[in-house]
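There are structures below to look over.
You will see chain A twice below: alongside chain B first, and alongside chain C after that.
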Partner chain A sequence: MTQIAQERATPLPRKAAVQAERLSWMLGITAILGFLYLPIAVLVTFSFNTSRSLTWPMSGLTLDWYKKLASNDQLIDAFFNSVYVATSATSLTLIIGVPAAIALDRIDFPGKGLFRKLILLPIALPGIITGISMLILFRAIGFNLSLEAVIVGHATALLAVVVTQVYARLQRLPPSLAEASADLGASGLQTFFWVTLPNIRTAVIGSGMLAFTLSFDEIPVTFFLTGRDNTLPMYIWSTMRRGLTPEINAIGSLIVLMSAILIFLSVMLLRDKTKPKK
Partner chain B sequence: MTTIIETKNLTKKYGDVTGVDDISLSVEEGEFVTLLGPSGCGKSTLLRMLGGFEEPTQGRIMLAGCDVTDVPPSKRAVNMVFQDYALFPHLSAGKNVGYGLRVSGMAKREVIAKSREALALVGLEDRFDAAPHMLSGGQRQRVALARAIVRRPRVLLLDEPLSALDANLREQMQIELKHLHTKVGLTFILVTHDQTEALTMSDRVIVMRNGKIVQSGSPQDLYENPRTGYVAGFIGNTNLFRSRVETEAGKSVITCFGQPLAAPEKSASLSGHDALFGFRPEKAALVSNTEQPRQNTLRGTLADVLYHGKSARLVVDLGPERFVVDVPISDVSGVSGLPQVGDPVALNIEPHNIMVLEDEVTG
Partner chain C sequence: MSAPLSVRLKRAAVLSPPLLWTFVFMFIPYAILFVYSFWVQKYPTFQPAFQFGNYLQIATDPQYLRVLLRTLKIALFVSLGSALIAYPYAYFLVFKVRRPGFRLALYMAVVAPLWVSYLLRAYTWKIILGTTGILNSFLMSIGVLSEPSSVFLYNQTAMIITLIYVFIPFMVMPIYAVLEKIPKSLIEASSDLGVGRFRTFLMVTLPLSIPGIVAGFTMTFTLTFGDFIAPILVGGPDGLMIANVIASQFGAALNWPLGSALALVMLMIVLTIITISDRFERLGQGKFA
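For the complex of A and B:
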């Protein structure tokens, strides 16, 4: 009797242990996700709150704050300034960064190692240092503080992002591909556009997206280099000094939505059609 | 026959290391030439210089009578099949083949027609739209071939094209490559470290070592008359031994690890000198050991028997060295007709089957 009971009893605690382990895993994962996304959820939720105060429970649901945004010219200007800056800075870094990465990968020149490290340095420098030094430089050469100055400032810091990503991808590309292309009669430019670029496409798009995001919410460099024009993060920051408003929550929610769309787009674009599906 | 490609004193140095050392060779139009040698012998570097991927340190390359030494690969009328095939992963098999035609500005319809034709030539007409990763190793190899021949190059360069394939497929591709060569009538220059590959496919084999050509000739010529011990050992198997040529009672005699053998005629002039000798495993015959001592016989102990189907390879211990001998297995007695491991055996070697080889510093 006791023997049977024992035999039955052993598998049961084991099952329970497995379940307990699974439960603790689930709890852990939930905690991490909560840590990451709870603040954003709060932001989005309060953007629909009728009351100005950020207290729970909410007093009611409204779209008023979004309507207010639509009529806030300053904010709309700041948003488009940010889009302008981020787009230009990203294009600029890609135009300089991709050829630089190819040069690093394919051409041997004296001081190559040093060049590589120097290109990577700006990403390690605090933005405030980049900002101040560029401010001094621009003042010295008489370049007006403007959104264009911000673009140049962002591009210097972001170059490292593009060069590292694209260079890493190029390193994985067999050199025989470019040789085969040349062997088949292609010029250097044809090889670049028809062989190299299609094969580093995902790295270029990925690093471009990252550069765009980093530029879009950049404050320190922008702070020093912008003239009268405001970018969106700068506008939000200056409004915040007058207190947290539900309007800010609404902008924040819109930015979250925009990021989600960007992420979705990049996932769609980066889907590798050449990889076998298993 | 006209010379299609020629090198004159071609040299490639990497710092202090000489990869290719003063090589002059010429290849006839339509020839299938193989550069054979172990890794690091300079064969690939030589091929890459012919393709324009490496710049020679010294020397010239002539293609169809024109100096192309300084012409970039894109402007040279030669095409290369790369060791890793170098298929463009983002293009279909058909587009890979058509790439070289497209860059030259050919009309799209014509490009497609010609690529289909080239794929058909290698038996892949139905895989036109397949992506490279959907193809098997052998199929990728064929696409690479089709891509290289579709432009009708003056010379087709093949850099170890079969090394990535498994043994069965490799044998099959050797035959196909040979057929393709006959069918398209192009000049093929192939690089390999596999002597079987070289012997099966080529009209002429060029054996290389340390950046230099050791010997060049038809496969049969190289097998039967290797110039040096190195060639004899690299192409097929050879039992090598060193001996002084001595004259006894008007006859030339050599000794193989203490056992006397009649010297081959070719060594008559070497009387009084040391020389390197060798014989092929299939050129020795097993004789019954119980017979009376006879001429041209080596005695030893059977150390191992390797069964090869129609024949067996016997490893014979001669004391300081082990020799290998291939003997046919008779249909009647089978393997049981062979001596047992540990038995004393005697090998008969006729003097005309002994090769006199040039000495070479080994290392």
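For the complex of A and C:
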């Protein structure tokens, strides 16, 4: 209260106070952005370091670590394993998740409450619990730990992501659309492909992309379910445990680059989708 | 259910894949986990039994209690730290930035790192805080240190910093979402009534944003609570968390019954926190919406 009185009584110092406030906001926000991006800058910068050790100042600039990556067969295998896992897991989650969201939105059935709780659980649960519970299941039924086991694990863990996003979109969709389609004589499948799906398309694509990136980066579930084949994060993890090298930084920089492109693409995609509607 | 047979068949076709999937890959695994937690370990395998020995061991062996308390403590610090950084940031975005484009850019700046591998974001702190790391080199070059110090890495502080860094987007997103929804007219009304800006914040803005803080807190807390990567990367000998202990029961220690019991304890704690925060959010909605 005294602050207001002062502000009203003395207009000149108030201007200074406003400027001081703006300056402190700027400093604070810059500090937070620094906290967010300096580590990423460090990661990228050291990928060009000539020496093996990651000490500042850098010993010199080189592209050797990137050249090494190109001839690292294990790494390339791991990358393609990850692409295989993420693509399969994403397809599976969409095939299971979209009907699940539709069921939650449109159909009443016994046990719906439990079904909803169960299917949404992995979004809140630590990945390790999904990982070990599936490890136990696969061991019990004699299913070998493999990339396929990882795919099933990822699909299960990521189901919640797809279901929440598609369900949220369905809730905003008037049921009259599907009713009108049925009145006009369309079958259930026709209505789904011609009416419902186009309306939830961005939610399906968006959640699919999110599921893909999450699967590509996943460790806790993969850790327990993978057999002899490594995914990319598991390969990086095992390399890290052997020691720090600029090679990891080079992989990291490529991932940062790839992520930046993906983010850019998804922003562009969303922008294109929203424009025609306006 | 008096719907015609064809409709019922179609419903079954939509329903059965997700129902089957959740039953086989979620319900059954959790059920087996539950059953295993009562089994006994008989090296080198384990045998069916019904006894509470595993739970008793967790409750009485101070080793487990210590790890559990440490995990709770670290998760609490990570959530608190994230909230202290995320709140001003989200507040700035909503109330101080005028240009929508700039606001979106600043928002994306926080969310974008989520697309960059978790592992790499944690790893980079190892480079920064290590004995030969940037922090040490920097402090030596400005003369604060005369030789590299090992105090920065491999301890709980390093772990807390790393985890705040990794999980902060999950705190910014919900806080931003609630702040954005607060009608500006409420704040104007408060200032029209002669209430100072700081008091307006305390009496209007802050209470209205509590649901967002709670949601962010829950996310960062549960994520930290289940993490077993950061402790290995940047945590020291006193940095092991509960997820590490569980992982080792399913790995080297090969005591699945004990591991299952520990996992169930973790599950219960996480579910309790989620339930409490759910109540809290609903309470908030009822009051202010």
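Operating definition for what follows: the second predicted complex is superposed on the first by the 259 of 278 C-alpha atoms of A that agree within 3 Å, B and C clash if a C-alpha of one lies under 4 Å from a C-alpha of the other, contacts with A are read in each partner's own complex, and residues count from 1 in each chain.
Just so it is clear, a residue touches a chain if its C-beta (ideal position, glycine included) is under 8 Å from a C-beta of that chain, and two chains touch if they have at least 3 such contacts.
These figures come from a predicted structure and were not determined experimentally.
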{"item": "Chain C versus chain B on the shared chain A, clash or fit after superposition", "value": "fit"}
{"item": "Partner chain in contact with A:125 - chain B first, chain C second, else both or neither", "value": "second"}
{"item": "Chain B versus chain C as contact partner of A:233, first or second or both or neither", "value": "second"}
{"item": "First, second, both or neither for A:200, with chain B first and chain C second", "value": "neither"}
{"item": "Chain A residues touched - chain C or chain B, whichever exceeds", "value": "C"}
{"item": "Which superposed partner A:225 touches (first chain B, second chain C, both, neither)", "value": "neither"}
{"item": "Minimum Cα separation, chain C to chain B, after superposition on A (Å)", "value": "8"}
{"item": "Common interface positions of chain A, toward chain B and toward chain C", "value": "none"}
{"item": "Touching residues on chain B, where the partner in the complex is chain A", "value": "51-53, 72-75, 78-80, 82-84, 86, 88-90, 99-100, 103-104, 131-134, 147-148, 151"}
{"item": "Contact set on chain A toward chain B in their complex", "value": "174, 176-177, 179-187, 190, 194-195, 198-199, 274-276"}
{"item": "Of all residues in chain A, those that touch chain C in their complex", "value": "1, 3-4, 25, 28-29, 32-33, 35-37, 39-40, 42-43, 46, 53-57, 95-97, 99-100, 102-103, 107, 109, 115, 118-119, 121-122, 124-129, 132-137, 140, 152, 155-156, 159, 188, 213, 217, 219-220, 223-224, 233, 236-237, 240-241, 244, 248-249, 251-252, 255-256, 259-260, 262-263, 267"}
{"item": "Chain C residues touching chain A - in the complex, by the definition given at the top", "value": "10-11, 14-15, 17-19, 21-22, 25-30, 32-33, 36, 85, 88-89, 92, 96, 106, 108-110, 112-113, 115-121, 123-128, 130, 132-134, 137-138, 165, 168, 194, 196, 198-199, 218, 222-223, 225-229, 232-233, 243, 246-247, 250, 256, 259-260, 263, 266-267, 270, 274"}
